[in-house]
Each structure stands twice: as structure tokens, then as C-alpha cells.
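Multiple structures follow.
One chain, chain A, appears in both complexes that follow, with chain B as partner in the first and chain C in the second.
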Partner chain A sequence: MLLRHTPEEIKERKALTVNPAKMCQPIGAMYAALGIHGCMPHSHGSQGCCAYHRSTLTRHYKEPIMAATSSFTEGSSVFGGQANLVQAINNMFTIYNPDIIAVHTTCLSETIGDDVNQICQKARDDGKVPEGKHVIHCNTPSYVGSHITGYSNMLKGIIKYFSKSTGIKKDQMNIISGWVEPSDMKEIKKIAKEMGIKIVLFPDTSDILDAPQTGVHAFYPKGGTTIPELISTGDSKFSLALGEFATDAPAKDLNSKCKVKFKTIDLPIGLSATDRFIVALSNAADVDVPECITEERGRLVDIITDMQQYFYNKRVALFGDPDQLIPLTELLVDLDMKPVYILSGTSGKVFVRRIKEILAESVPNAKVKNGANADLFLLHQWIKNDPVDLIIGNTYGKYIARDEDIPFLRMGFPILDRVGHSYFPTVGYAGAMRVLEKILNLLMDRQDRDSSEESFELVM
Partner chain B sequence: MENIKKEVLPDGEMVMEDILAKYPPKVAKKRSKSIVPNDSSREQSIQSNVRTVPGIITQRGCCYAGCKGVVLGPTRDIINLTHGPIGCGFFSWLTRRNQTRPGPEGDNYMPYCFSTDMQDDNIVFGGEKKLKEAIQEAYDIFHPKAIGIFATCPVGLIGDDIHAVAREMKEKLGINIFGFSCEGYKGVSQSAGHHIANNQIFKHVVGLDDKRKKGKFLINLLGEYNIGGDAFLIEDLFERCGLTLISTFSGNSSIEQFANCHTADLNLVMCHRSINYVADMLEKKFGIPWMKINFIGANASAVSLRQIGKYFNDKELSRRIEKVIAEEMPAVEEARKEVMPHTKGKLAMIFVGGSRAHHYQGLFAEIGMSTIAAGYEFAHKDDYEGRKVLPDLKVDADSRNIEELVVEKDPERYKPRKSQEELNKLKKAGVRMKEYDGMMPDMVKNSFVIDDISQHETEMLIAKYKPAVFCAGIKEKYTVQKRGVPMKQLHSYDYGGPFAVFKGAVNFYREMDRTINSKVWGLIKPPWDSSPEITATFGSE
Partner chain C sequence: MNKIAILEERKKQIYYKGEESFDMRCERGSLAGSVSQRACVFCGSRVVLYPIADALHLVHGPIGCAAYTWDIRGALSSGPELHRLSFSTDLQEKNIIFGGEKKLYKALCELIDKHQPRAAFVYATCIVGIIGDDMDSVCRRVSEEKRIPVLSVHSEGFKGTKKDGYRAACDALARLVGTGPRTNNIGQCSINILGDFNIAGETWMIKEYYRRMGVEVISTITGDGRIADIQRAHNAKLNVVQCSGSMMPLAKTMKERYGIPFIRVSYFGIEDTAEALYEVARFFKNKKILRQTDELVKSEVRRIIPDLDQYKRKLKEKKAAIYVGGAFKAFSLIKALDYLEMKTVVVGSQTGNKDDYKRLKEMCPNGTIIVDDANPLELSRFILEKDADIFIGGVKERYLAYKLGIGYCDHNHQRKLALAGFDGMLNFAREVYSSVMSPVWQFCPRRKKV
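So, the complex of A and B:
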């Protein structure tokens, strides 16, 4: 047994986290900044933060993650990191020539109280920021919130620096995306295109973190939201924010800064959430839903019809980020499955309320927990006490899955042990079909493996 | 190395000028001291273990990473508790591939991540209370025999005294609890963390158990982390030779082994950088000599085993060592012959670690490949130039704050394993105790030695030399491969391996054949693209 010390008996913990289901803010800020064209994230802290975040993002996306660090030493921790950051900005523009440097803080620079806004201004005043180039920043103390908070904070920083209102509205809408794969961002753009809606999607890591192999390393791949697009978000008619935890606050900021009305909905994962996404798009842009999307939806429902008998009443444990878990739980309910344990390390009261609403009729006794001490150790204990048929979550779930011999679907971040997740979407109707196929394969492989010889079936 | 023709390597000084041209003058000046076109026929000096320039994309991590990753990270029967916000614990959770064999009943906390998950109120009001509670909760649930506490950046800044907490809780719970002040900002790289880890394990664990194990030849293996199962292969070899392994710092290791390690009669140092402190302290306090060995590469492994044989000066041991080498070599030769036609004459670059960038050069040489650029991520001058530079090393502001333990002879337990006379005799017989010449003397003229290589320098080297393979870590992996150049991770082995000793060498030969000659490198160019071929034939003249 790999997790041999995990007892069935659950003791309350207040101080000890074991096997966390969240990361810290800066990695989220780094990922969000990578979705801006020509942008280089910068970690204002010790080298280790940047090294850890780059390593984790690289292992998940299997792509170059270019980011720099202020390389704090003991001296800079005592005297402040201004000299380090100003020098870093100068070096990055000189050597790596980004259009934008996106600075985020760390627990170190926050604890010593570095005023990053002032330091960035000093870099500008000192002429360290070339004409037409930008330094933006956000505060991401690692001891507040989670990686999702950091992602959200970087989006707020982007809006603060770039979004401008000229007073003349453009015939376009913003889609502010929560933390999803580059393939998902591509799918969102595809759907908008099919509906004939001009959008600015931000951030947009497609064509950056799924860049093709060409024999040439593009330091700044062609994808990402461009500066003119970001500026124009202030003139958009409407913002659709996908995922309340990651994008509601940025959408609010954009509304108060540039009077861009917004609606926050779930990430379009699964049938119902995609339905709401399509309706929201259709309403906001005042366009009809095209036939091709209706057909795609029909195909998804057809597949559910075909698969439903295998899903019925299967018990599922899920962990990950709230914005994914909420629509995913809803999808499982749509499939007649029973999401019995839902857990996230990211705090926020909305999470439990939303999940409870979704499960009110189908699984009223589901265990739902998020925030402090909501960790994989607890999830494992729940499973030990009353097992499930399927676990869904990031790669760390495989230890529980192996010990308890339970089929395991990798979804979320980070996925460190497989290739492909960043290339195929899980959002939209097409994404839902893929999720369904994966779940079904896991359940059927299990049935094939476990069935006796006489009940082993050719046709299923 | 004789198979590189001189004209293959352009003049190093000129290449260096090109590399530095893009840097602002101050950065260029600083970096120029860390980039050396190698010429071992003359006095050479490389700047290392100095601060990375802010804004330069570096391979380096932090003190915490070095401290938690080394010594206790790969040790299974201790709870390693990170005191800090959640990230540090999360990102160091199971990511280093240190394998371990706890047996069916043994303790194994390595698949777990323990953290105090500090929140803003802990930063404002102090985190000691939460740390104590976390230790108590860990004890109540797991009943471990030991708990290590690892400090992250904010801990030192807000002044939490983890050592006082450790003492108090050790007293209260009656198990071994100790702390590591390895805040990320200390030192200039992971290296400071290695030193801190060495110190604390020596202070709090080494020497706690005096029981001498059975066996004629008792040894410790220092600086072997069992990535991908390397240590398992080495253990097997030792057993077949009749050597008794007391402890490995740290791979497939346990706290109990460390407590007992001072009973050994010889220390073998694999990774010089990360663990030489423990080797030195074991010698000073207990009289155990150490020798630098290298179990990467079949030739180096055979040489290392024979040195061990000479040290113990026992005919039967030497006979068994020769027998084992003879048993292992046919498979090695067979694999070598098989891959040689595909690898001979090709160029490699290696930028990792504290010793690997040196060790792997021999392994490459065995399949006819030359290492034309190499460097370390967190090494010191002695790892490049040899221990002869140690007396003249200046301690700078960043190293001064890392504790240097004052170790004295143990009044009862100090027992020199060899007399001075015996040591002199060994030296005459070619057994080199406490010596290491470093990487640079082993490298060919005009090859490049670069400390703490940056992203920009990596790109320039690749563009200039078009190596057949570039070795580094995960952060460098895809920037290299996007250029159509095969990349091999030498931290994680790309999840393959083991690569140590003889069986590992066979794995590595075949792995290199696969890496360099995979069909994919010929598929990059679409048939409709008429631009000249830029991939697939690198270095294969």
C-alpha cells in the first residue's frame, strides 16, 4: 500500500494539512500571464517559487514555460527587493525582449512588504521599460487563497493596466476564462465563431501551451490575447465570466472601471453548463444558436442515451478546483451518477452552497468540503469508510485509486503522468463527449477485468 | 575523447563573445566569469556558488528545495512537515522520483505531503502555535518515530522559532523532532539547503545507535538518491561483492540507518556537492575515511569497486569484486556494440546538479559520445576545479550565514579506521582518499564549462554546436526539444532508468540510442515545406 498510514478513523484536524488539494497563488498568476501574447511572467520572490511553478506547469503542459525570478537572497529579504526587481526588469527586456512583463508577488515579498506597484513605477521612471513595452503586476500572497485566487488576481492586474474605455462600444464581447486547458480555450473560441460572435478571450493559452513542433522554439508563440485586444476589452458590450472563483472578481473590476456589463456563469463543462453558456452567448450577442451547435448537442444527448445504463447510480469522488467541480458534479447528476464526495482545497462559501443545490434531490447526503484541511487525506478516509466506483481529480489521486483499486479519471491540474489533456477539450458539447467516453472506458475496462469467465461479454 | 577532431570545436573565446553580446554590460561582466572555454593544460578558474542575476532565466531552485529534497526527502520513516504556505509542500511532493522499499510492514511517509498551510493570520500573529498543533495532530494520527520541520521563506521573516518548537514537542511526545532553518532565500541555490540538511541530520540523528551490524566490510554510500532505482542496483552489487551497506544518504533510506552510520569503516561519496559535509564530519568525529567514487558508467563503476577492494585490502573481497565485474561486463559490451554505430562521434551537453554533469561524461564516452559543454546548477568551485582549491575559497555574504558545524573527535567513539601509515600506503597504491579533482580536468580543450547556465546561454550553445543530445532538467526540456534537439532529463531520467552501475549503463546506452535516433526527429518538416533541413542530422558527421 502506498498510503499505508491513512486510517479509516477520521480525527478532526485544525492545523495539519496532509496531501493538499490546492496550490499557492503565484502559480495561478503565472499561468494566467502565459495567456497573454508576448508576455513573460516574473516571480518576485526566492528562486524556488519560480522553479517550482515552472516545473509544475512544464510537467503538466509539456511545453516551455518561460518565466523569471527576482532571485531574492537573505540580503534582499532584509533590505527589500526593489534593487532585484528593477534589475530584473532591465535584464528581461534586454535579453528576452517581451512586450509585457507580468510581475506577481510571493509570500516572501508580501511578508516583507515590498510595494511592487511603486517598484514597477520606479523601473519606468528610471527608463528600464522601453517605449511601447509594459510592466504590469498583481499581489499574490501565498498565504491567502489558492492558485485560483492567484489566477484571478493576475486577471485583475491585466484589466487594471490595459482595459480602456473610449466611450464608443465595439461590436464584441469579452469572455473571461477560468483555469482550463489551452484546448478548452480553443474550443470556446470555436463555439463563439460558430455562433458568429466576435469575442476577446482572455487569458488565452491556446497556441502558446499547445504550440506545434516546428524545429524552432518561439520564445513568444503566436497565441495569447494581444495588447490591442486587452485594451479593447473596456469597449466591449458585455463580459461573460466563466467560473465564479477565477473570473467573477475580474469581471466586476472591468465593469467598475469601464462599465462593461457582465454575467458570471459556470465553466461550460458538461451538458447543462454548456447549455447555459450557449444561451448566455446567444442572449448577450442577440444571435440565434446555429444548427451545427444544436446538432452537436444532439449528438452528446445521443451518446448519453447510449451510455446511461452503465453510469446509473455509480458513486463518484471528485476533487480539484471549484470552477471545474461545480459543473462536473452537475454533469455526473445529468448522467444519473452519484457524486458522493466533492472536495476542494480552495475556500469560498459559494462552493458548498452550489454543490448542495445541485445534489439536493439526487445525493442529499453527499460529503462536500472545501478550504482549510479539505485535503486528499480526508477524501481518502471518506472513501475508505464507504467506497466509490470512480475517482476524478488531478494526478495525485492515483495513489488513492491504486490503494483502493478504484478507476481513476485524470481531470484538473496538475496532470503529471499523462500526455494529451492539453490537446483535447473537456468544455463544450464536444468536450463533454470526451469526458463521457473516458468515464465509460474506465468503467467498462473495470467490468471486463473483474467479470468471471462465464460472464465476460463480447457485446456490451 | 580523442574522437573529437579539433576543428569540430570552434574557438571558445569567440563563441563566448557571441554569448555575452546580448547581455547588459554589468551582466556580461558577471557571467563572463562563470563561462570558461576549457583548457586543462593551464590554470583555470570558474566563478560558481554566487548569486544568480535577477531576471535571468535560471535552472536554480531554493534552499528549501535543496534541504527537503536531499537527505530526508528520500527517507521513508520520518514525517517531513513543511512549515509555510501550501505551495512549498505541494511542489516538493513526490516530484523527485526517489524510490524506496519499505517492505510490507515498514513505515513509508514518502507518498504523503505534510504542511501547516500557513494563512495570513499566522503570518501576522506568528505560526508557532499552529506548528505545535500540527505536530501534535501528526503524532496523534501517525505515531511516527521522527518528525522533521522545514522552514519556508515567511517563517524566518516573522521570526517563528522552529527549533524551540521542536525541542518542546520532542520533550512532550518523546520522539525525535528537529527543525531545518532552510528558508528559500538563504544561500544562492539549493546548495545551501544541502548543507543545512547535512548539519541537522548529523546533529540530531547520526550516532544515536552504536550497535555494529554483522559483516566484514561496512560501508556508507553518501550522495546517492535512488532516482529511478539507481541505489537498488548499487545495493545488489554491494551484496554480491560481500560489502555490507549500513546507510545511504539518501536513497531507499531510513532514519534508523542514519542513526547507525557511524559504525561503518568507509564512506563512499557519490554526489560530492550535496553530501561532502557529512563525509567530513563523520571522519572528524568518528575517524571514518571517505573516498570519492562514481557508479555512473560501467568503467567508472569497475574502477570504484576496485578502489573499495584496495581500501579494505582483502584478497577474498577483491576476488569477489573481480568476479562481479566479470559477470556484469559481457552484457555491457554487447549493448555497447549494439548502439555504438548509432552514437559514435556525437556530441552531448550536460547541465545538471552538483556531480551528475561530471559523472555522465564517462557514460557518454563509453558509447563514443563527447561532452563538449557541461556545468552545474548549484555546485561550488571545488566541484569544478577539485578540492585543491578549498583552502583558498573565500566565504561570501551569502554563504556566511549557513552554519558550519564545529565537529570534534568523539571522546569515546573516535577510532581512525586507518593509521596514517596505512593511508600513505593506500595513496602509493593509487587509492585516493578524501580527494576529488572536479569536472574541468576531464574535459577537452575548447569545450565549455558554464556554471548556473541561463536560458539564453542554453539557446546559444545549441545554435552554435547543434549537439545530438542536451541534458538538463524539466524546465529546460521543451525549450530544447522545440528546437528539434533531443533532450534527456538527468534529474528525473525522463521517468526511465535506472542508469547506475553496469545494468544501468546498458539501460542508458539503449536510452541514448532511442533518444537521439527516434524517428520523430525526422518527421518535423512537412513534405510541402521546401526550407532547408534543420534537424535530425546534428553532430553526426
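So, the complex of A and C:
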């Protein structure tokens, strides 16, 4: 029992997080920057930050992750990191030749008060940024928010730097993607294409973090939103922002900078959220929903119909990032399951409100918590006190799943011990079908394992 | 092949054996803007102390540093698993402004009450060094109140390299050593195992060798480590130090303070493992131990040779690239590869010093590229240039190797296979063999035979 140290009795903790259900801002900024074509993320802080983020992303994607660091020393911590960053910018363009350097800060550089905006400007003024190349930045103090905040802040940085309005609108719309996998971003592009809508998706980590084996290591793989596309986001007719926590603020920024109207909706995870996504797309672009998408939806509903008895009343604990958890909870309710514990390390009042709304009728007594002390230690205590049939969350859930012998579906970030998330989406109707398949396999395998010989069934 | 840019500053950190020799530049911070494979001071301290399983490990800082180091190292414990949980003070903006000492105090008290650990390590992160929390005094206070050692580890990330983190860890350990009783019932032939971290159970294997030799092991620092053992480590007659990069400071302190001599060894490869065990046996000048060591080495070698030879036949002339943390590891790897009659075509380290690089130059055949603090661009270029068949390194290089279509062997904390000792050599050969000879490479475009 790895988690034998978890007591059943729940006491209020004030100063302590045990087994966190979040990470820090900079890793989110790094992930978002990786979704820009030809972009080198840069961590303005100690070497360790960058090394940890790269290692974590490497373990999750099983891909080499490229990012550079300002390599702070004791001296830079006293005198400021300007010299390091200017030198770093110069070195990066010389050695690695990216089109864009996307700088994010760390708790260290934030606390010593580095003005990264001014430093980047100095690098430009000093001629360290070659013609046609770009340095963008965002502030990501690790002691505020979580990795989701950092992701959102990098998107804001991208908009601030690139989006331009020429005054002439283009026949295209923006989709600002929340934190999802490369497979999901590919699926979003596929759906838009099927609907005949021209979109700019950003960020877009597909064809970057799911790169094929070619025998060469492409420092800048072919995917990612391009600079012309990013600039053109200011001329798009409309923005659809997917996931309030990660994308609402960037969408607002784009609207106030370039007057691009927007709508923030949930990530299209599950049936109802995908319905809203498709309707929003169709309304914004004024197109009809094509037959192939309606049929795909039909197939999803068909699976739910066929297998409803296996979903019914199953108790589920889920943890992870708010933008995923909100539509996922809704999906579980649509399936007639009982999401009883929902927990996120990322703070924000909207989370509890939304989840409570979704569960108002079906599971009014569900435990919902986010922010401070919403960690896996607490989730484990809840489960110990009243068990569940299924746990959904990132890899770190495996300890609880093992100790309590509960089926476990890996979803979210990071997934350090399985593959598939890079290649098979969980968004859209097709993604929902995959989620359903996974849930069913887990529940039915469990039933097969636990049933007595006489009730062991061949046909299910 | 496309030439990659190598900055003037880096040229003295890369050497092609056979060309005019120069002193390698090393032990300096990475250039700003490099995609360095290196980590920070905190990382160094965390990996060294982490395997102590009955201690509480609390990271004082924002959530990231604790989150990224949560159970990422396969350091096994034969008992408690407290070290595998992740504890953080999760500092927020208001703590940065008003200080985090109160929060640290509360967190420590809460955790110690709940888990009753034998000691607590508190790790400083970058931010703690900047906001000036007096961790020492908080630790002292809690230590007095809770009556267990509470040790602050000065591992602020920016204060140097990973090596400085090792030093900070050793400093904390040194405060612990000697706080246990002087005992008389400890034999004359007793040692501490320093610098083995029980990855995949390696410390257990080594301990078993010493048991068979008739040598008593007082403490293992830090693999499968226990606080009480470390506290009485000063009773041992000899410190046997592996991974000398991390543990030398502690060995030196123990020599100064308690007069315990130390020897530097490596348990990797047949030659080095045998030499390590013989050296310990020779130290004690005890006939029985010498005889038992001899028997042990001979029977172990006899046992693994037939299997090893099979791999050797297949691996002969295959080319390996090595990039590891400490250079000491590289020495052993080169010898082990030599045994398999493989060629080392690239060898690099994150933290090697001048003497290390001198020795690497002596060990390697002409043409081998020797590099300090490499970046992925350089590594890929060297691999392609030398047409390596396998890359031996850590987590960040694994998928780089695979992308290039060559094999990979994990020689870092995450490895799942024990590579130490005689069985470790067999495991190593098997792993290298399975990766180099994998049928997958025939499907890789670059290596497809035309």
C-alpha cells in the first residue's frame, strides 16, 4: 500500500499540499509556445525549471522537447537577469535559429523584478533579433495560479505581439484551443474542415508533439500555427474560445485589441459539449452541419443506447484541469453515471459553480473542490470514506486506484505511463466514443474479473 | 551533412580524440540560451536525499518543484514509502510578499504529527533564497519541539549546478551522521555504502555481495536509507563511495571528523565491480574476507560469462554514444562497452571536471568525440556523424535517440533494470542488445537498407 499514509479522518489543512493536482505556470507557457511553428520556448530562470518542464513534457509525449533557459546564477539573482536574457536571445538565434523565441518568466525572475518586456525591447534595440525574427514574452509567476494560468498567459502574449487588424475582415474564424492533446487539435481541424469552415487554430501542437519517426530529429517540426496565421487572427470574423480557464482571457484580449467578437464555450468533450461546439461553429460561420457529423453523433448516441445499463449509477471520482472536468462531468451525467467527487488544483470560483449546476439534479451531494488543498491526498480520503466505481484523471491517480482496487481511466496531463493520448482524440463525437469505449472496457473487465463462476457472462 | 553552429565559447568544450590536445573547459555554468540537458541545485539535492525512505521530504516553494519531482526516481525501499509522496508548502503570492516561514512551520508540524517520520528534510527552492525565509531557525524550532532531526537543505536552484546540490545534500547528511550512539558491538570489518541509490534494487545486490564477503554494512547512503543507520554511520571503519560526484563531500567530512578513510569505486561492469570488492577486501587485510571475495567474484563471473558472450558476439563493433551526468559513470560505461567489444564514438558528461576529461581522453580511441555540457543539436550531429548504433543517457535524450532511429539504454534514475554488479552487467548487455538489434530499425527511413 503505497498510500498507507492516508488517514480516513479528514482534517482541515492550512499550510500544506500533499500530492498536488496541478503544476506551475511556466510549464503551461512552454506547452502553448510549442504549438507555434518554428518557436523556441525560453524559460527565464534557473536551469532546473526548464529541465523539469522538458522532462515532464518528454515523459508525457515521448518526444524530444526543445526549450532553452537563461541559466540564472547567484549573480543574475542579485543584479537581475537582463544580461542573461539578452545573451540568451543572441545565442539562440545563432545556434538554434528559431523564427520566434517565446520567453516566459519563473518565480525567480518575477520576484527579483526583471522587466522582461523591457529586456526583450533592449535585445531588439541592440540588434540581437535578426530581421524577420521575433521575440515574444509573457509573465508566469509560479506562485500564482497553475499550469493552466501559464498556458493562458502565453496565449495572451502571442495575441499581444502578433494579432493585427488591417481593417479588412477575412473569411475565417479563430479557434483558441484550451489545453488539449495534439490529437484533439487535429480533430478540431478535421471537424472544421468537414463543415467547410476556414479556421486559424492556435496554439496547435499537432504535427509537433506527435511527430512521425523519420530518422532525423526536426528541431522545428512541420506543425504549429504559423506567423502569418497568427497575424491574421486580428482580421478573423469571430473567435471561438474553447475552455474558459485557459482561453477566455486571451479571447477577450483579442477582442479589445482587434475587435474580433468571441464566444467562450466548453472544450468539446462529450456529447452535449460537442453539440454546443458544432452549433457555435455552424452559427458563427453560417453553415449547415454536414451529414457526416450528424452521422458521427448518431453513432455516439447509438453506443450510449446500447450500453446504458453498464453506465447506470456508477460512482465516479475525477480530478484534473477545470476546462476538461466541466464537460467531462456533464458527459458522465449524460451517461447516467454519478460523478461524486470532482477536484482540481487550479483555483477559480467558476469551477464549483459550473459543476454544481451540472450536478444540481443528478448528484446534488457531490463533493467539489478546487484551489488550495484540493490535492490527491484529499481525494483519496474522500474515496476511502465512500468508495467509487471509477477514477478518471492523470497518471498520479494510479496510486489511489491500486491501493483501493478501483478501475482507473487516464485522462489529462500528465500521462507518464501509457501511450495513445497523442494520437487518439477525446474531443468531438469521435473522441467521446473513445472515452466511452475506455470506460466500458474498464467497467466490464472489472465485472468479468469479479463475477462468480456461475454469473460469468459470455455475452454482455 | 548540415553544419550546425557551435559558438566560440563552446569550442573548448568539445574535443575530437586524435586532434591537438587542449585542456577541456568544464565546470562552468551553461551558456544562457542553451538547450542544456542540465538541471539545478535543488534537483541535485532532491535526487541524493530522496531515497531515505523513513524521512519526510518537504519542498518549500511554489508547487512546481514538488510536482515535477514526485516519485520520478526508481529508488526502492524495503520498508516505508513515505519518500514517494509529494509534500509542498505551495507558496502563494502573499507568502512571497510576507514570507513563508509561518506556513513552513505549520506544514512541518502538521506533517510530523501525522506521519511520525524519523527526520525531516526541508528543501529550499529559488524563491526561498530570494525572499529570505530563515529556514534554519524554523527547522531548529520544529526539531526542538518535535524531538526529531529537522534538516534544512540549502538547495536554491540558482546557486550553482546540480553538483552544488549534491554538496548541499551532503551537508545535511553530515549534520545527521554521528548523532546516533557510538556502539561497541560493530565489527572491525564494517563499511558504509555511499553513493548508491538502490535504483531497481541495486543497493540490495551490492549489500548481498558484502554479506557473502563477510563485510558488515552499517548504512547505505542513501539507497534504501534509514535515518537511524545514517546517524550511526560514524561507527563504520571504511566508506566505500560510488557515484563520487555526489558523495565525496560527505566522505571527506567523515574522514576529517571521525577519521574514517574512504575509497572510490564503481559497481558498473565486471572489471569495476570485481575491483571494488577486492579493494574493500584488501583494505581489511583479513584472509577469510579475501578468500570469500575471491570465491564470490569467480563464481559470479563464471555464472554470467556464457550469456554475456552470446551478446558480445552480436554486439561486436557496434558503436555507442554516451551522455551522462557524472564522468565517473562514463568511465565505467566505456569499460563495459569495451568488454562487449563495442566502440565508444561519443562520450559526454554534464558535470565532469578537468581530470575527468583528461582520463576520458586517455581511455577513448582516436576519433571519439568528447564533450562537456552538450545540447541536443550537438548530440544529434555527433550521433549522425559517427553513425552510432545506440545512445546511453537520461530521460531527455531517450526520444532524441529514437527519432534518429538508433537504440537507447537508460543509465539514469528512471531505469527499470539494475545495472550494478555482475547481474547488472548481464542486464546491461541484454538491454543494449535488445535495443540495438530491435527489428524496428529496419522500418526507420534513415537506416533502411537500400
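In this section, the second predicted complex is superposed on the first by the 460 of 460 C-alpha atoms of A that agree within 3 Å, B and C clash if a C-alpha of one lies under 4 Å from a C-alpha of the other, contacts with A are read in each partner's own complex, and residues count from 1 in each chain.
Following the convention adopted for this analysis, contacts are C-beta pairs under 8 Å (C-beta built on N, C-alpha and C of every residue); 3 or more make two chains touch, one makes a residue touch a chain.
Since the model is a prediction, treat every value here as computed from it, not as a measurement.
Asker: Clash or fit: chain B against chain C, after overlaying the two structures on chain A?
Answerer: clash
Asker: In the overlaid three-chain picture, which partner chain does A:T426 touch, first (chain B) or second (chain C), both, or neither?
Answerer: It touches nothing on chain B or chain C.
Asker: Of the partners chain B and chain C, which touch A:N370 in the superposed model: first, second, both, neither?
Answerer: neither
Asker: First (chain B), second (chain C), both or neither: which does A:S183 touch?
Answerer: neither
Asker: In the superposed arrangement, does A:T140 touch chain B (first), chain C (second), both or neither?
Answerer: In the superposition, A:T140 contacts neither chain B nor chain C.
Asker: Quick check for you: in the superposed arrangement, does A:S163 touch first (chain B), second (chain C), both or neither?
Answerer: neither
Asker: Touching A:N174 in the superposition: chain B (first), chain C (second), both, neither?
Answerer: Neither chain B nor chain C is touched by A:N174.
Asker: Do any residues of chain A touch both chain B and chain C, and if so, which are they?
Answerer: Residues common to the chain A contacts of chain C and of chain B are 2-5, 7, 13-20, 22-24, 26-27, 42, 45-49, 51-56, 58-59, 62-74, 76-77, 84-85, 87-92, 94-96, 106-108, 111-112, 141-144, 146, 211, 213-217, 345, 372, 396, listed in rising order.
Asker: If we count contacts the way the header does, which residues on chain A are in touch with chain C in the complex?
Answerer: Touching chain C: residues 2-5, 7, 13-20, 22-24, 26-27, 42, 45-56, 58-59, 62-74, 76-77, 83-85, 87-92, 94-97, 106-108, 111-112, 141-144, 146, 211, 213-217, 219, 345, 372, 396 of chain A.
Asker: Given the complex with chain A, which residues does chain C contribute to the contact?
Answerer: 4-7, 29-43, 61-70, 72, 81-82, 84-93, 95-96, 102-107, 110-111, 114-115, 125-127, 129-131, 157-161, 375-377, 380, 395-400, 402-405, 443-447
Asker: Please name which positions on chain B make contact with chain A in the complex.
Answerer: That would be residues 22-24, 27, 51-65, 81, 84-95, 102, 107-109, 111-120, 122-123, 130-134, 136-138, 140-142, 152-154, 156-158, 184-189, 397-398, 401, 455-456, 459, 473-475, 477-484, 524-525, 534-535 of chain B.
Asker: Can you check the complex and tell me which residues of chain A touch chain B?
Answerer: Result: residues 2-5, 7, 11, 13-20, 22-24, 26-27, 42, 45-49, 51-56, 58-59, 62-77, 84-85, 87-92, 94-96, 106-108, 111-112, 141-144, 146, 211, 213-218, 345, 372-373, 377, 396, 399, 416 of chain A touch chain B.
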